[in-house]
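Both complexes below contain chain A, partnered by chain B and then by chain C.
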Partner chain A sequence: MTMVFGIPIQAFLGQLLIGLINGSFYALLSLGLAVIFGLLRVINFAHGALYMLGAFVAYLLLAELGIPYWPALIIAPLIVAAFGAVIERTMLSRLYDLDHLYGLLFTFGLALVIEGVFRWEYGASGQPYAGPDLLSGGTNLGFMFLPTYRAWVVVASLVVCLATWLLIEKTKLGSYLRAATENPTLVQAFGVNVPLLLTLTYALGAALAAFAGVLAAPIYQVSPLMGSNIIIVVFAVVVVGGMGSILGAILTGYLLGIAEGLTKVFYPEASNIVIFVIMAIVLLTRPAGLFGRDA
Partner chain B sequence: MSDMTRNDMTSTNSAGAGGGLVNAQAIFLLIGLALLLAAPFFVYPIFLMKLLCFALFACAFNLLLGYTGLLSFGHAAFFGGAAYITAHTVKEWGVTPEIGVLLGVLAAAFLGLVMGFVAIRRQGIYFAMITLALAQMFFFFCLQAEFTKGEDGIQSVPRGHLFGVVDLNNPIAMYFFVLAVFLIGMAIIWRFVNSPFGMILKSIRENEPRAVSLGYAVDRYKLGAFVMSAALTGLAGGVKALVFQFATLTDVSWQMSGEVILMTLLGGIGTLVGPIFGAGLVVTLQNYLATSSFPVTIITGVVFMVCVLVFRRGIIGEFYASRLGRKLGFVHRR
Partner chain C sequence: MSPLLQVRDLHSWYGESHILHGVDLDVSEGETITILGRNGVGKTTTLRTIMGLVRQRKGEIRYNGEDLIKVPLHKTAHHGLGFVPEERGIFATLSVSENLTLPPKVAEGGMSLDEIFELFPNLHERRNSRGTKLSGGEQQMLAMARILRTGAKTLLLDEPTEGLAPVIVQAIGDVLRTLKSRGMTVILVEQNFRFASRVADRFYLMDHGRMVGTFPVKELDANMAMLNDVLGV
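Entry: the complex of A and B
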């Protein structure tokens, strides 16, 4: 049996894959957080709840309407995006003039409500969700077994992350968005509808979270608690990456996912906390984060 | 940050100056004390003790949020950490309750020093996220450590004899012990807030760059406030472990950190007594809902959203800002 650092290579690569998958979710979620924070200056505590909501919408679409995975992958993010837009329009937009911490507290309350409602309805245990038949099974790569669905998760999240990055960096809408991040008043004076831009941004962030949720549904069970379990880790990811750059958020997500997976191989007891430890080390050496611009 | 904390009881700073104004506050204080002394003979003592513990917890938290302008999302680590240490030392080492609580406070202060040292490197919203992440790290530590007994927690902690003399298994005796601790804690907070140190903290809250330019070592003051707040939170947590005779993972969870924020927000950020009322409301609500199947988190979440949207001053803040409040000599600062 081939060994890497005294560990069987199968175990090593298996954990690397799990790390990569976790990293895919971290990347999608921290990307959404970074996009929302960039323009709205709100740390969206409800991001984990929106991720959970995406998974639940997919589950309900299948259970109640018989709509399978592939359409749900598009429909669920759209529904959650609409929900996000309504929240932003009716409530969140009233808080922009206040201290940013109020946005954090408001979305924290929102997360509690969403989570509470689903817990009340479905209990704390998870509901199984069947992935698409097309992606069942796997491939034997000779040195390890690669389940097709997990490979799909990594590819899909990479594609969506890159698409979002292109949308923000290379399109006209993205240039409005970046301009509004720098100076909203001036952009408004040029005739761009900034309030609408804010709503769309929040909706985009919500859609990204929901997309991650649908992707996660067949791997983890659909549970009301899945959001709060991941959001704090994603916060740590965001602190490590610094919220200055979109690409930084994506890259940090994957890196920390892999770091977590590798820790599981070498020192399993620490795998829960390794991301937080990395966060502390980064803060002590580079307070602005790895990719952060602000002092 | 100045926006977060618009309320203050500045008139307490000039205590003894204006006769009539001070009298109104003194009367409120006396009524409050009388109620606290009489309460255990009418209301279930355990409930009252829970209320006092959480009130002290919220006031200690407010020391940081209201008077220094730092929103910590990780105070459960100090509360639960102290609860674990007190429970462990009293049960396994057999120390007297006051020593157990003291050890809990020391542990919380030390934890505050470590967490604060890392967290004060960033401001505002990052500070909140960092404290949350560090507290979560501590949660996982408690989940895996030996002495915390994992999911079970430390059960059936003996209350013991205070100073080896007073039997705390008597609910009334226990109540007056908790009340004494609460009053000592409040006195420390009052003294701290109105000391020169507290004044500098307020100046940091109002305008940090200016405080720096005036030559204050802002980071040191922030760290001092953080440790102070952590230690007082530990005081509340240690006593809580004795009241309920157990310490569990609930005490170190992020939900607990959220709860104390809600208490402070609901009562009035930056008011000395606001968090007490906030804690009272939240604890009463939880007790009321404990028997129903309706999840408390929905109510908590809605109260959070409503408070942030339309009720940012909190109960006591609104009272101070009202005509009656101003007449009685409470100043609401914008």
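Entry: the complex of A and C
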């Protein structure tokens, strides 16, 4: 049997893949957080709740209306984006002139409210959600059995992250977004409707979270607590990547997912804390994050 | 004919501090005026208040017959005003061409990119660089050029020559004369008195948050006493 550092290569590659799949969720979620933080300067504690909301909207679309996975993958993010836009316009936007702490407290409270509503309705246990038939089954890779759906998660996450990055770096809308991140007042003085841009940005972040939620629904069960379970890790990812760095958020998401997976091979006991250990080390040595610019 | 821009009894505040104490200002179409005054008398604040960047304001700002006081910041530019801030406001995360095309078009008749690159050949050479990699002079050119593209009819220009080498200052003077020949209205805040007297039609003297005098550039000699008094030179 081939060994890598005294570990069977099967176990090594298997955990690498699992890490990549987890990293796919981290990347999608931390990307949304980074986009929102960059422009709105709000640490969006409701991000986990929006992720959970995406999964629940997909679940309800199927259970109540019979709308299956593929349309739900588009519809659920749109619904959650619209919800995010309403939240931003009616509530969050009133807090921009205050200390950033208020935005954090508000989104934290919002997350508790959203989760509370779903716990009250559905309890803490998970609801099963059927993935698409097209992606059932899997492939024997020799070193592991790869369910087709999980391969799809990696591909979908990569495509959406890349598309979002291109949107921000290469389009006109993206140049407004980058410029407004640097100096919102001047961009507004040029005649750009910056308040609308802020709303769209929050909606985009919400849509990314919801997209991750729908992707997660067939793997993990749809549960009111799924958001709060993952969001703490995602915050660590954003801190390691550097607050507000788009590319940093994406790359760090995948990297930390893989680091977590590999730790399961070498020292399983540490796999739950490895991300936070990395976060502590990065904060001590590079407080602005791996990809962040010093503020 | 009523002036293009008519400001009456304009007051503005930064928080508790009352900066403008009743500014009156008239600028005709195609005219270049320069606001002179010591540091801290409210010259920059006058531009920022007209543009709507200072929101705590009271009085009348009539532009093309419309009162701008109630117009939100992101709609002011669409009335035809373009702002070039003192710190130039070039974006580091945008390339030179992205910086150039950032401000949306607000009216017909703006310069095309070709015309802009003819007027500012350096910008064409460096169009793929990051905006803040340009020299100070090039950044000033870029800050002006991006407004010229938008079709704005009035340029609010805050100390364009600050910290720049004489040859660049001369180039900016040339640009301002070109703009004038195209009918652009310019409101200039400038410490460089010699530069100002080469490009302006008329001076406004400012002290303690209001305008204390105005005279055409050709009556400069007759007004030297007042100028010295206000500028304290």
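Assume the second predicted complex is superposed on the first by the 293 of 295 C-alpha atoms of A that agree within 3 Å, B and C clash if a C-alpha of one lies under 4 Å from a C-alpha of the other, contacts with A are read in each partner's own complex, and residues count from 1 in each chain.
Everything below uses one rule, namely that a contact is a pair of C-beta atoms (placed from the backbone, for glycine too) under 8 Å apart; a residue touches a chain by one contact, two chains touch by 3 or more.
Computed from a prediction, not measured in an experiment: that's the story for all the values here.
Model built by superposing both complexes on chain A: chain B and chain C fit together without a clash.
In the superposition on chain A, A:194 makes contact with chain C only, not with chain B.
The three-chain arrangement built by superposing both structures on chain A places chain B and chain C 90° apart around the Cα centre of chain A, to the nearest 10. Considering which of chain B and chain C touches more of chain A, the answer is B.
Of the two partner chains placed by the overlay, neither chain B nor chain C lies in contact with A:17. Touch criterion met: A:113 reaches chain B, while chain C stays clear of it. In the superposed model, A:179 makes contact with chain C only, not with chain B.
Once the two complexes are overlaid on the shared chain, A:62 sits clear of chain B and of chain C alike.
When the two structures are aligned on the shared chain, A:153 is found in touch with neither chain B nor chain C. Between chain B and chain C the least C-alpha distance in the superposed model amounts to 12 Å. Within chain A, no residue touches chain B in one complex and chain C in the other.
Of all residues in chain A, those touching chain B in their complex are 43, 91, 94-95, 98-102, 104-106, 108-117, 119-120, 228, 232-233, 235-236, 238-239, 269, 272-273, 276-277, 279-280, 283-284, 287.
Residues of chain C touching chain A in their complex: 51-53, 73-78, 83, 85, 89, 91-94, 98, 101-104, 106, 150. Of all residues in chain B, those touching chain A in their complex are 1, 3-4, 71, 118-119, 121-122, 124-126, 128-130, 132-134, 136-137, 140-141, 143-144, 254, 258, 261, 265, 293-298, 300-305, 307-309, 312.
Residues of chain A touching chain C in their complex: 172, 175-176, 178-179, 181-183, 185-195.
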